[in-house]
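Starting off with a structure, shown below.
When the chains are written out, they are named A, B, C and D in that same order, and each has its own residue count from 1.
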Amino acid sequence: MLIVMKASATPEMVVQICREIERMGLNAHPIQGTRTTTIEVTGNGFPVDPDGILSQPGVKEIIHITQPYKLVSREFSSSNTVVKINDVSIGAPEIVVMAGPCSVESREQCMTIAKLVAKSGAKVFRGGAFKPRTSPYSFQGLGEEGLKILAEVRERFGLIIVTEAMDTETMDMVAEYTDIIQIGSRNMQNFSLLRKAGRKKNPVLLKRGMSATLEEFLMAAEYIMAEGNHNIILCERGVRTFANHTRNTLDLSLVPAVKQISHLPIIVDPSHGTGVRDEILPMSRAAVAAGADGLLVEVHHDPVSALSDGGQSILPDMFEQMMQEVRAIAGVLGRSCA
Amino acid sequence: MLIVMKASATPEMVVQICREIERMGLNAHPIQGTRTTTIEVTGNGFPVDPDGILSQPGVKEIIHITQPYKLVSREFSSSNTVVKINDVSIGAPEIVVMAGPCSVESREQCMTIAKLVAKSGAKVFRGGAFKPRTSPYSFQGLGEEGLKILAEVRERFGLIIVTEAMDTETMDMVAEYTDIIQIGSRNMQNFSLLRKAGRKKNPVLLKRGMSATLEEFLMAAEYIMAEGNHNIILCERGVRTFANHTRNTLDLSLVPAVKQISHLPIIVDPSHGTGVRDEILPMSRAAVAAGADGLLVEVHHDPVSALSDGGQSILPDMFEQMMQEVRAIAGVLGRSCA
Amino acid sequence: MLIVMKASATPEMVVQICREIERMGLNAHPIQGTRTTTIEVTGNGFPVDPDGILSQPGVKEIIHITQPYKLVSREFSSSNTVVKINDVSIGAPEIVVMAGPCSVESREQCMTIAKLVAKSGAKVFRGGAFKPRTSPYSFQGLGEEGLKILAEVRERFGLIIVTEAMDTETMDMVAEYTDIIQIGSRNMQNFSLLRKAGRKKNPVLLKRGMSATLEEFLMAAEYIMAEGNHNIILCERGVRTFANHTRNTLDLSLVPAVKQISHLPIIVDPSHGTGVRDEILPMSRAAVAAGADGLLVEVHHDPVSALSDGGQSILPDMFEQMMQEVRAIAGVLGRSCA
Amino acid sequence: MLIVMKASATPEMVVQICREIERMGLNAHPIQGTRTTTIEVTGNGFPVDPDGILSQPGVKEIIHITQPYKLVSREFSSSNTVVKINDVSIGAPEIVVMAGPCSVESREQCMTIAKLVAKSGAKVFRGGAFKPRTSPYSFQGLGEEGLKILAEVRERFGLIIVTEAMDTETMDMVAEYTDIIQIGSRNMQNFSLLRKAGRKKNPVLLKRGMSATLEEFLMAAEYIMAEGNHNIILCERGVRTFANHTRNTLDLSLVPAVKQISHLPIIVDPSHGTGVRDEILPMSRAAVAAGADGLLVEVHHDPVSALSDGGQSILPDMFEQMMQEVRAIAGVLGRSCA
């Protein structure tokens, strides 16, 4: 059960409600949002008398939610969440394409790619400054130098920036330079990182863990929302299976499943989701046809020399073709794509 | 290595080539097709002298194939296989939709559904007369009575019929009544059944096994082709994974992967592939967007009373909507759908 | 619900009970066992009056079973099924080891291996005469010639024989030569094959499918039992997962799970279960420690030249060591091993 | 390639070697161990002249390692790593059992359980003070209060303590109270956390990720070792598969696989590995039979009231029986167990 407080409710009113809940042998978890406070009630005590609570000062409404996810659920918000950054809206009818290299490798590399993807219609530029790598001896990203390059891309091309924050230590720095903070698959259940992201003002792009169920994925988003940050973009990026014709198995069925039980926008990453260049275009079309709100795609002008993930990056002219195809599919669904 | 004989080659010429191959310490497997014979050469003996073989009477060409799959591979046939039944072509630009109930339950049920799906544009009617069921105590299908009902559907509505043959004993009977013989997921590596289907004149719809790799799937088709039946339609129907928001995980990335290495048409079954009614429309759109040549969908006018798989069947008006959406997606790809 | 008839019940009495059940709007499935008949009752009609039924002539008892599996369940038989062939008992305290080559390759090969494994304590000789192979061009087994070699092994070394029947066509022939009929993983849901095995007198070794759940595995055994053959040996042989350090992931947790809900014996195949020679000994020990009633192991005196699965076969001296280790583990559990 | 410096090598000597390596166009990564420094050489430059390097002051030996894992590999250390804490040795012939509740719930709960498990032969006490929970609304652990209780358990019962550090922020605090720092499955690729653990003096218990391959698991350990901490205990705890008779699929084949390519000790957690109480004893026996160096088991005197994971906890008398059985299996393998 969630007790939603009025925007005008004072801290004292919240404390008062919590006390009352606890007197009934239940637990009250106040969730401080940016504008309102919500009190999550858990436990097995006396049944709560809704009328009694509703009559208290500061209480706006009571929401009964039976699923484990509360704030991320459709029951909490019947209208779709639209994440807005400048003039870009994710979760709106327009499909938003995020493109760029796997890693920020150099100023020149980023400017070259950014120019090309912006021309083709990408609205968001992606690129890793901090890279989670299986081996400690692999290239780990340029760090702050990479973040500065990303900031320059924003300046020059007017692109929104998304980049990964790998740990709580560097998240403050990442948050300063980037627009959207990405939480990677390996960190989907790094709860301290989720909590910290929940206290940031930046929207968060949360990638599904490699073997996360739908419920675990939504509960990870719940961690972020419970801290007050409601601007979350979910991202399907393939899961681990026995199948070996792709690096991961892209689970597009997650898109309609999320749409049904959550109000959050969801995008698809066909690059990590398949790991195979020739799969990117067909799976991008399929993702949009399935109802995805956007795409996250690796583009590199010189994949052979890429420091990471070259084999799954598409070339700029493939990206241009992808945009055309995605635009056409979007149109059929009554959506658009720049 | 494959040695393709001319259509005019006599059996004696084939025997002569095989003898020569075996004299080199290699194995020769003559594959008798409907019009031509192909000799598969395997083993590690003396290297074959291509010029020597090519100069023999009856030899048309030599194809070097390095993958384990031979006849199913793009190297064997650079042009796409189009399976033609009456005026329906599977693997051609037109997307072919196969629809009908999970099981043939009664004459009335089939006529009702057939009329509705035909009106919406389905070209092929599906329905099981022999049903593979996990439990021996579940409804096992109407058997020959069901096949007769399917034959009547063909008569009345001009629909092509596809139905499953579960074993070699009943395949002859199934083949007589149906147009397309379906080999189910559980039988994808029932090699005796595959071989028998390979000796039939009917086209074969081969469903991917629940945990089959791409290679195993294509090798199953190879078993059919090696017996001379080249009219095979592959069908992706979801695989087993940890994910639990759908009954299976529909692996659409298989579609472009098959297209790249094989000339065979591939369709998608979103009904078994997800097991969730609300997933059928989005995943049908996604399948076509990914490049599928057709769809296999369960439709029931009264799913609650269905004897099997009611929960994943769509209603006739959802099917009508699905057809419209699929038609629109097909159009974007330069394809059509009745 | 199961109605167990007395051994002395006449066919007429069975018919009478069935009629009565059907008059209540329920379905009656008489299951003809070797000595007694059991009537499985399904459907949603009037509640059955147990006293009324029990008072009928020929009725021994009524068993209420809530799981989907009936005959295979502990509720049907509280005592463990022991499969007896000559002086070998599978499911008894003694651990039974089945060993031999993947394929019967030649008379000499089988005699060599049989002599060695018999000396080390194997009681059952394994070897495939009909081989299910992914590729139609791979060695498919010696067929009847192989069965004759197996029969000779029995003659000479007094070993019980287990070999696979791949289809209903050749099952009669296989059944004549072998003691135990093996149903392979790929055929675990080949229901016609299961049914035919259920009508044989030979015990059946049923291997778990590559992605079969516990319930599906037990239901496959139920198909065999429902035809009257109660001598079934289950076999865990690894399942498909993302893990790549072994060919399959051997799921030993299935052993205690089966023991808890079924009365059937279960053995483990570490050879197919791991596909790695160095895993065979530790996993054999682990299987016995987990409670397995036996092992099925590939042994070859010359694995490099083996026509199939050489890489996972162990050498005779490794097998001798395995037997010693398994014997020691068995002893700790109060069991023995020849 | 690894260049191992002598214990007597000065920092200047290390710098000198690194400079030389870099002059060849290669990269040198000095890895400061507790007693010696190892220089990891990567990149594609001039081939290194081993004799030239070996003749330099301070160089002890050169190790050529072809796998991606270096320090964790058998090639780096042919003798098994034994992690010693007080009088307990993990990786030695004696099997070490770690037992205790899932979560530290109260002083009384821990003292009760600790007394019982110590009596039965456990050498290490487990219990979470910081709990990674799927839901932000679930019990998250007692935090520092819990750590204090664990420290008191050590005082009173002489047990070694292992508890999880969930983030870099609280790792210092955890490290102060505990003996062994646990890194949980969800954090197996939280590289910042691994690095921080690598700079601690405490031994580290590293749990396999839910869908981690063997290589990824060993590379995670490599992250820790590369920072200088060589006292790592690996832990298999089940992986995600389609199988549903257990919560995870316990992959015991990992134990012999790790033993073959790494010198690190490996233990098994049958509690999380199966999630089913009745599986704990058989799978504990199986784990030890497969070669595990220890077990990590959840024990609770009152599982019904447990705040987390009650359903998979065993009762103290089951634990006593488990110890007896494990001791017997250990004896058979020439090992012991307290």
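Here is the rule we go by: contacts are C-beta pairs under 8 Å (C-beta built on N, C-alpha and C of every residue); 3 or more make two chains touch, one makes a residue touch a chain.
It should be emphasised that the depicted structure is a prediction, and the values quoted were computed from it without experimental measurement.
Engineer: Check A-C against A-D and say which one is joined by more contacting C-beta pairs.
Structural biologist: Pair with the higher count of C-beta contacts: A-D.
Engineer: If we define chain centres by averaging CA atoms, which chain lands farthest from subunit A? Would you check?
Structural biologist: The most remote chain is C.
Engineer: I'd like the Å distance between the centres of subunit A and subunit D, where a centre is the mean of that chain's Cα atoms.
Structural biologist: Subunit A and subunit D have C-alpha centres separated by 32 Å.
Engineer: What's the distance between the Cα centroids of subunit A and subunit B, rounded to whole Å?
Structural biologist: Here subunit A and subunit B have centroids separated by 39 Å.
Engineer: Taking each chain's centre as the mean position of its Cα atoms, how many Å separate subunit A from subunit C?
Structural biologist: That gives a centre separation of 49 Å.
Engineer: For subunit C, write out the residues touching at least two other chains, lowest number first.
Structural biologist: Only 211, 239-242 qualify.
Engineer: List the residues on subunit C that touch subunit D in their complex, please.
Structural biologist: The touching residues are 211, 213-214, 239, 241-246, 249-257, 260, 273-274, 276, 278-279, 282-283, 285-291, 325, 328-329, 331-333.
Engineer: So in the complex, the part of subunit B that touches subunit C is made up of which residues?
Structural biologist: Within the complex, subunit B contacts subunit C at residues 29, 40, 42, 68, 70, 132-137, 166-169, 186-187, 189-193, 209-211, 215-216, 219, 222-223, 226, 239-240.
Engineer: Would you pull the subunit D residues touching subunit B in the complex into a rising list?
Structural biologist: 240-242
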